[in-house]
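These are the structures, in structure tokens.
Look at the two complexes coming up: chain A is in both, with chain B in one and chain C in the other.
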Partner chain A sequence: MSARKKDPNTYIFKVFRYQPGKDEKPRFQTYEVPLLHPGMTVLEGLIYIKENLDPTLAVRYSCRMAVCGSCALYVNGKGILACHTALREFPSGKLTVEPMPNYPVVKDLMTRMDEFFDHHRQVKPYLLRPQDRAEIENPTREFLQLPEQLEEFLQFSYCIKCGLCVSACPTVATDPDFLGPQALMTVARYNRDSRDGGTVYRLKVVDAPHGLWNCHFAGACTEVCPKGVDPALAIQYTKRESVLHALHLNKLPRFRKKLAPVAPPPKPNRRPGIPPAPERTVPEAPAS
Partner chain B sequence: MREGLGWTLHLLAGAFLFILLLAHVSQLHLISFGGGEQALEWSAVLTRALSRPQVIAYLVFLAAALYHGFFGLRNLLIELPVFRRRVAAVTFTVSIIGIVLFVYGLYTTLALYLQGGGA
Partner chain C sequence: MKDRRLGIRGWIYGGKHNPERFLYTLHRLTGVLLVLYLSVHILVVGSRAFGQEAWEGAMRLVGLGNPVVRFFEYLLVVVVLFHAVNGARLILGELGFTIGRPRRPIYPYPKESIRKPRPLLWILMILAAVYLAFAAYNFFALPA
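Let's look at the complex of A and B:
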């Protein structure tokens, strides 16, 4: 097929093709994709190729609404979510589609994410409260949190684990053992959460060789994040926390973390002055 | 040692070096601070080597420079593919070289100080 764009409603997809163990080396294959509707996305283009031109093309996707993070890949050298990027964003009409760098390729545009999720799991991405084990294991009520306490970590909780930050990170490119921006950002997300008491545990994990301090603050993670999360900022927060712990300044009242309390048990009449609900006018349906 | 403590000391040593280097350059090369040719004469060098505050400053300077330099070198090395899995060995080797150099610097500084009657 010709690699030249013929009309404004046709897009040229130059797609990375490679199956390790079967192909000797990677190659690019070119496809012509018609613009089916004005808002057509890169993912729709790839699905069009798979359904109409070449069913052997491997591409991973799920939600198609920038929530699951499965369709992260590189187009013209830039990390994107294929479902969240319109073809109209490429006025030249030519797209070079590649899998995310810094990950081993499973096939074509699909990359292996095992190590990414291993690193994610290492930092225990959930609320830890060693001093409140019973409540964590058998929760009775919620932990109280003020809106301003939520603001401390809210943007970091928007991460969809697409892996683009790790693919863009120059440190991961040179040091595959580096925990990576996503795992390090997750540390800040939980350590800054007033309901969490696992700061010391997580700092032990990241305050090690190939951890927190290997970040050179290139900022590529923040640049590429499709959800507007700022992992570079999160890593700076964690570095500051690590320094405070190293100098034992975290025990000062200013830096000491106050754990959010468990909500008190509900009172029978929580808002005095409000009259009780009237009697039922319709009989309750019998339990089936 | 935790990486955070190592890095904190690295940053502090860097800041300290900046101040000490400014003082050092001023003392030796800026005429308005008493520097210039006179400060480079042997008698002036000897006078400084026999001054207790000066000797303490030299040793602190040496420790800060060695720590900052060798910790930085260690961090560079452990990011190289060849040393990536040998963090403990690299840290040990670099620490030994740093300690040997510090002891050598300590010996020359104190030997001159003590032999020159600076005690």
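Let's look at the complex of A and C:
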């Protein structure tokens, strides 16, 4: 590979190629991709390779706008969403594209996410309300929540499950059973939700070996998150909650969680004392 | 190769490198060293159970008069101090202090949990370095 690229509008992609079961070991293949428009993204470059240079390249993507979280991969050793990163962010013009580490490779840039979603399911990522199970099973009305209560967890609900935090986490690198930043973050997302009453059940899952306390706040998950979710913040809050529960301080009025009430049924009549509408001054328009 | 799990390499590699990441690695490393030290320490102190001669023999072996032992004792100070100072920082964060509150993720993302306590991180590390400089003077420049 040349030391510097000659053409400023050409980007050199060094792409990780590996097909388990067929290839002995991974190799890197080099492609030259032209800058088709100023805002061209890494994903567009990979699609260009797929369409024009090498149709055998496997890359997973769907929405192309940082919403679905399918195209997470590593470029020059840093975790990114391919659709969310412009080629012009790499002034050297050279990109080493690899799949996310800490995941098994399906093919080339695609990684197997089974374990990731398995860990996500383990922490019960849905509203639990053992206090009134009937309402959860047959909902009558919505739960009432104040805007301040929404802000308590809204940031954590922006997670798109791309898996970059798990690939960056140093604990995951040495402990395959560690739940990972995404699952631990999800615990805080639901435990901090005023509509949820399942804190004890989730803490039972995470306050265990390979759980919460294997995190030593490296902050890599927060640094790499493409949606600004801040998993490290969420995990520290869960640790605090776990400590409060262990010391039974969660029963103090200051730390006690108030469950959001179910909205009252709508009132049948309008407020009394409202005068009736005045007479029409223009005739009603004919029904068309 | 199928799994591509980074192993020990993952403690320093992967993602964007932020200082907390290196402190994570050092914290784990110093933790392991402290456990190893503790076992040696118990063996040395336990020699008193075998009589005064055993104890004095052990003290001659690991006494501060020996420059090699002195170097390792200083290393122990470094390890203990780092683990204590960084541990204090971690406990503060884990109890919800210094790390900020959840915010709407509006670009550029606040990344509060690591950006907000970072000044504290540098202050603690500088204080630890100053202490270690004094300790080095005490260990090596002054007579035993």
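To be clear about the criterion, the second predicted complex is superposed on the first by the 264 of 288 C-alpha atoms of A that agree within 3 Å, B and C clash if a C-alpha of one lies under 4 Å from a C-alpha of the other, contacts with A are read in each partner's own complex, and residues count from 1 in each chain.
Definition applied: a residue touches a chain if its C-beta (ideal position, glycine included) is under 8 Å from a C-beta of that chain, and two chains touch if they have at least 3 such contacts.
Bear in mind that the values here come from a model prediction, so they are computed numbers and not experimental data.
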Touched partner set for A:Gly219, first chain B, second chain C, both or neither: second
Which superposed partner A:Thr174 touches (first chain B, second chain C, both, neither): both
Contact breadth on chain A, by residue count: chain C or chain B: C
Which of chain B and chain C A:Leu233 touches, first, second, both or neither: second
Partner chain(s) touched by A:Val243 [first = chain B, second = chain C, both, neither]: both
Which superposed partner A:Pro99 touches (first chain B, second chain C, both, neither): second
First, second, both or neither for A:Glu152, with chain B first and chain C second: second
First, second, both or neither for A:Pro26, with chain B first and chain C second: second
Touching both chain B and chain C, residues of chain A: 174, 239, 243
Touching residues on chain A, where the partner in the complex is chain B: 171, 174-175, 177, 203, 207-214, 239, 242-243, 245-247
Chain B to chain A touching residues, read off their complex: 2-8, 11, 75, 78-79, 81, 84-85, 87
Contacting residues of chain C [partner chain A, same complex]: 1-16, 18, 20-21, 23-25, 27-28, 90, 93-96, 99-100, 102-107, 109-114
Residue ranges of chain A in contact with chain C within the complex: 18, 20, 25-26, 77-79, 99, 101-105, 151-156, 158, 164, 167-170, 172-174, 176, 192, 216-225, 227-230, 232-234, 236-237, 239-240, 243
